[in-house]
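In what comes next, subunit A is part of two complexes: it sits with subunit B in the first one and with subunit C in the second one.
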Partner chain A sequence: MMTEARTAALPSGERSPATEVAPILEVRDLAIDTGTSRGPMRLVENVNLSIRPGERLALVGESGSGKSVTARAIMQLDPSMRLTGSVRFAGTELLGLPERSLRSYRGSRLSMVFQDPLRSLNPTMTIGEQVAEPLRIRGVSRREAWRRAQATLDQLGVANAGHRMRSYPFEFSGGMRQRVALAIALVAEPALLIADEPTTALDTRVQDRVLKLMDTIALERGLAVILITHDLGVVAGFADRVAVMYSGRLIEEAPVDDLYRAPKHPYTRGLLDAVPRLDTDARTLAAMPGTPVSPDARPPGCAFADRCPVRVDDCLSVRPVLLPMADAAHAVACHFPIERESK
Partner chain B sequence: MNTPDILTVRSITKTFASRGRPAAKALDAVNLSVSEGSIAGLVGESGSGKSTLIRCIMGLERPDTGTIIFDGTDMSVAGREEWRKFRQQVQLVFQDPFSSLDPRMTVESTVGEGLVIHKKSMVKNHRRELVATALESVGLSASDMNRYPRSFSGGQRQRIAIARAIVMRPRLLVCDEPVSALDVSVQAQVINLLKSMQAESNISILFIAHDLAVVRHLCDSVSVLEHGKIVESGRSTEIFGNPQADYTRSLIAASPIPDPAVQREKSRSSLAQ
Partner chain C sequence: MLRFVGRRALFTLLSLFSLVTIVFMLIKIIPGDEAKVAAGDAATPEMVEATRVRLGLDQPVPVQFLAYIWRLLHGDLGTSTTTFQPISTNLSAVLPFTLELIALAMMTTVIVAIPVGMLMAANRGGPVDLFGRVLTVVMAGMPVFWVGFMLQLALSSTHTLPISGSLSVQYSVQQVTGFVTLDALLTGNDSAFRDALTHLVLPVLVLATPQIAVIIRTMRTSLLGELDEDYILMAQSKGASRSRILIRHGFRNAAVPTVTMIGLQVGYMIGGAVIVESVFARPGVGAYLTSSVVQKDTFAVLGAVLFIGAVVLITSFLVDMFQIVIDPRVRRGQLEVTA
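And then the complex of A and B:
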């Protein structure tokens, strides 16, 4: 009850994380390259992100935009990816850190949940063992780890947690499995949670419940969350700030209300116009023509140029940089950002 | 009575027996109808019986009781010839355009396959023409015929799947979550395509989806399936404007709206309850 009252008093978007607090995560000029049969390929470039304690940042984009690769790069989960730039977490540079030191961050201070809870859980271990594992690795006693695992599962609304910790993942429904995956990510009380499409595989009502739980726990713990998703409805209800990715680059970043009310990038505008809304009657959806360009076929200029309604010739050759607008919180990478609409 | 039904599902029940446990009722006296030229939506969460219902409609599963009537014919007593007609006139589009197309078949043979099977006497050139027309009507080009699925994006593959269905000139298109695997901008293209096909060719569509916003946007009528039972059905505007069943209300309440102000208002009122 207590937690609900707090959520009610401070709905997301109205919380104002203190701007003077140092960011928990700062990504500077991150580029991600991978080797392919046709030579090296730059998947992501020039990504700058920062997130403060307690803040929720949504990383939005369509498939192939580089949002998941970026998240995995922050965790350095793919050894085959070559990373350049800087990823500072709580003041420490993570890029170039030896694997052994990285492990003291991953899963404890910095953790991640994935889309598919069935694949991210171990089918041969009980739920309890898996939730307790991040603590056991860090030397917490068996009894204490088990107790904290149970408390975390309780907090995530897994009924009868003490008993169900002896069950195996196959005995759980999709929504329950995702709660378990969240419990594993949260049990060691991380400062930052990266959630990669955590509710995409879930039914609508289960998604709603899981998002509310994440909301409550993040509020209670002052947890920073990076939410990676393609679902603009989910973003609207959860995030404080939104960064939009297109073809491996950030193209717009803004506080959530500004982004939905007055998007500056034609792509962001196009995305918002393409989503059907349940609270309005049918209208013709403005479908963007074409499909996103793959990273190896990016033109020297703007990657969105071939689909853009306001393109001029220069857009194909001169690359727009992500620049802050007059309102410094809002940044866009476009030569012709949309003027504020008069409504 | 205004328009006649192209498809009527009348009181279908289907149970699955499993050893040592009581038989599970996947469908319980389900009624559903698609009136000619309309888009009917079927909404349900996983485990609601959606897939079983589709399998029963397509004749892949025999219901325990109840009947399926297509264009006036009771399919439970239909003979060979009537089933042949049914298989031509009812076409299915699947959710995942990555696994529903054979990677070793060109677009031409994928889209033309139904014609080869059902119109054996058709000469190759005539078939090519029909395939080209079908591709153009879904926004692809006749020059795509010799390409393979791998060289197309997800949205384009779903167009190929739709072209494969409409080349048969079906009267009913059954679409099982046809846009849920697609990106937002591509999803809108496919939704608009289905809508314009309905407007131009009087095709009827049964559209199965879990995304209520898509259903509200596309469908003239909607039925809501929960645990094998239809809990509510009617015109889209009525169901979404004034839902009666608690289940429908909870689905609507849980569906996120892409508008931060609306979402804040929703979470406030849900906590106040």
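And then the complex of A and C:
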């Protein structure tokens, strides 16, 4: 189970994974539909993602952009969502798999941490029970599961883990709770971790520590990570690649440095301008005018068109496709991508 | 935790004291001379005066109140004017019948309502859930006495189940604990045991029906609330099965409000027992209360009220204590839920 990921772990802390390794997760043309009181609604469409063992992909977007829905669709956690397209994990198609088979993937091969570590831990179960559970579900003996849970908590820097496993979530601080949530996700040694806004509910200093911890662990284990966040500041130090979502569609995807240096989509540009920076003397933050369009009110063309500074009338009717730029690593869905950074 | 226990114990004691005070005030307020009532209808004025002195009724009211509490602490609820026995003796003779009825009704409620409520929550919006929701409204809406009469009417001609009493005349059970079914079992009297149980079927059914509806609803609603929590998503993403999520994760957290509600229902059940015991002609605290009211046996009525009130308060205290067992947040003093 682990061999794949371990062989992909690169020597001497080098992060960029070799391109020839087959992707651990491949999402092709994923669409997510749900029924609402106002009728069916397409939340997400045409999402293509690919992540190799050991790689970190950041999925970025505002609230409602579809990033969390996409993450939950990969795990197939919400039966009310109708999924079409393809989600292949280590060569196996997950969409359409019976629930029983899906369960054998969840928690052991791909796992997830959530935004609020207090709400994502069961208030009436001890930390030990909760961390050992993914192993217990798979028939690992109580003693062995407990031992491995303790080892994982130790590794994640929970001091005095053996003793603290008898405590309950409310007796832990926010940062410690997120370490526990990470331990739950990692105890069964998965190949892919989906982290849905894992640091949003934490204060800044703790955010930083949790991110560093995820970085270290992912490196040690050759773990592939999908980091879902609205915070581009969090992305920079952690991810290899960034995919930007807007109104349920991917609009730009690029290696992290390329994206920061030369964003191609006017929306990404706007997002980056809205990040507070210490290395410029700008006194005010740039804010994007308008609000994101709801998925059920998307125009036939580009969803960002009504807020876009460079749009032409046709943008509203002709939908741009996510196409690679000349250098192939950078893809953007815009009829008029930004040519050069003009600072 | 100790603070929680202490506070709840103090609250229960204060409530008990208020109850005693109210009952004492009622005795004083009710028209009629207590000494006359106690001495009996045929007593001469000299006898009444003698009784007044003997019962301390010639003393100032505060002294009488202290004496009343002193007597209560010694288990003395006064003397019945119909049976000429201590009220406490009368009550303890009929108490096992009521306890038996309530205990069985409560067990039936828990055994039926908790799985059904969970099943409905697990199939939210499905046919089972919809049917259950309609059925619980009907069950909760039917008056207890009416259900009792209808069942008696339906079964009276078929002789499938006894429709009144607690034991058929041909059986007698040697008294050990006072609980008929238990005594029959202890003395190895199998046929009497079966007979006593069949006598309990209808009263238990009638008493449990509205409670089942209430507990199903509570269980369903609190479990649905828990199933929307993030830790359920987390459990799903661990690869937990549907039943594991429902039982190990959802149920344990939904149990706190449900147990609280079950505790509250004990009080309603004693109220229901008053009706059920009358309808099915069973002996019990409720039947004793009813007959005392009919016979204007004031001290017996007040004694029974005091007794029922005390049982309700103590049950509510025990339910609070049970929360310590199921919710670690209450145990460690982080959260306080009170019935």
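Basically, the second predicted complex is superposed on the first by the 322 of 343 C-alpha atoms of A that agree within 3 Å, B and C clash if a C-alpha of one lies under 4 Å from a C-alpha of the other, contacts with A are read in each partner's own complex, and residues count from 1 in each chain.
In this text, contacts are C-beta pairs under 8 Å (C-beta built on N, C-alpha and C of every residue); 3 or more make two chains touch, one makes a residue touch a chain.
Bear in mind the structure is a predicted one, so any value in this text is a computation, not a measurement.
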Which superposed partner A:62 touches (first subunit B, second subunit C, both, neither): first
Touching partner for A:171 - first (subunit B), second (subunit C), both, neither: second
Which superposed partner A:256 touches (first subunit B, second subunit C, both, neither): first
Winner by number of subunit A residues touched, once subunit B and subunit C are compared: B
First, second, both or neither for A:231, with subunit B first and subunit C second: first
First, second, both or neither for A:208, with subunit B first and subunit C second: first
Which of subunit B and subunit C A:275 touches, first, second, both or neither: first
Which superposed partner A:291 touches (first subunit B, second subunit C, both, neither): first
Complex interface listing, subunit A residues touching subunit C: 72, 75, 77, 99, 103-108, 111-112, 114-116, 119-126, 133-134, 137-138, 168, 170-171, 181, 184-185
Partner subunit A, residues of subunit C touching it in the complex: 229-231, 233-242, 244, 248-249, 252-253, 326-329, 332, 334
Footprint of subunit A on subunit B - complex, ascending: 45-46, 153-156, 183-189, 191-192, 195, 210-214, 216-218, 237, 240, 250-264, 266-268, 271-272
Residues of subunit A defined as touching subunit B within the complex: 4, 7-8, 11-14, 62-63, 174, 203-205, 207-208, 212, 230-237, 256-257, 260, 270-272, 274-279, 281-289, 291-292
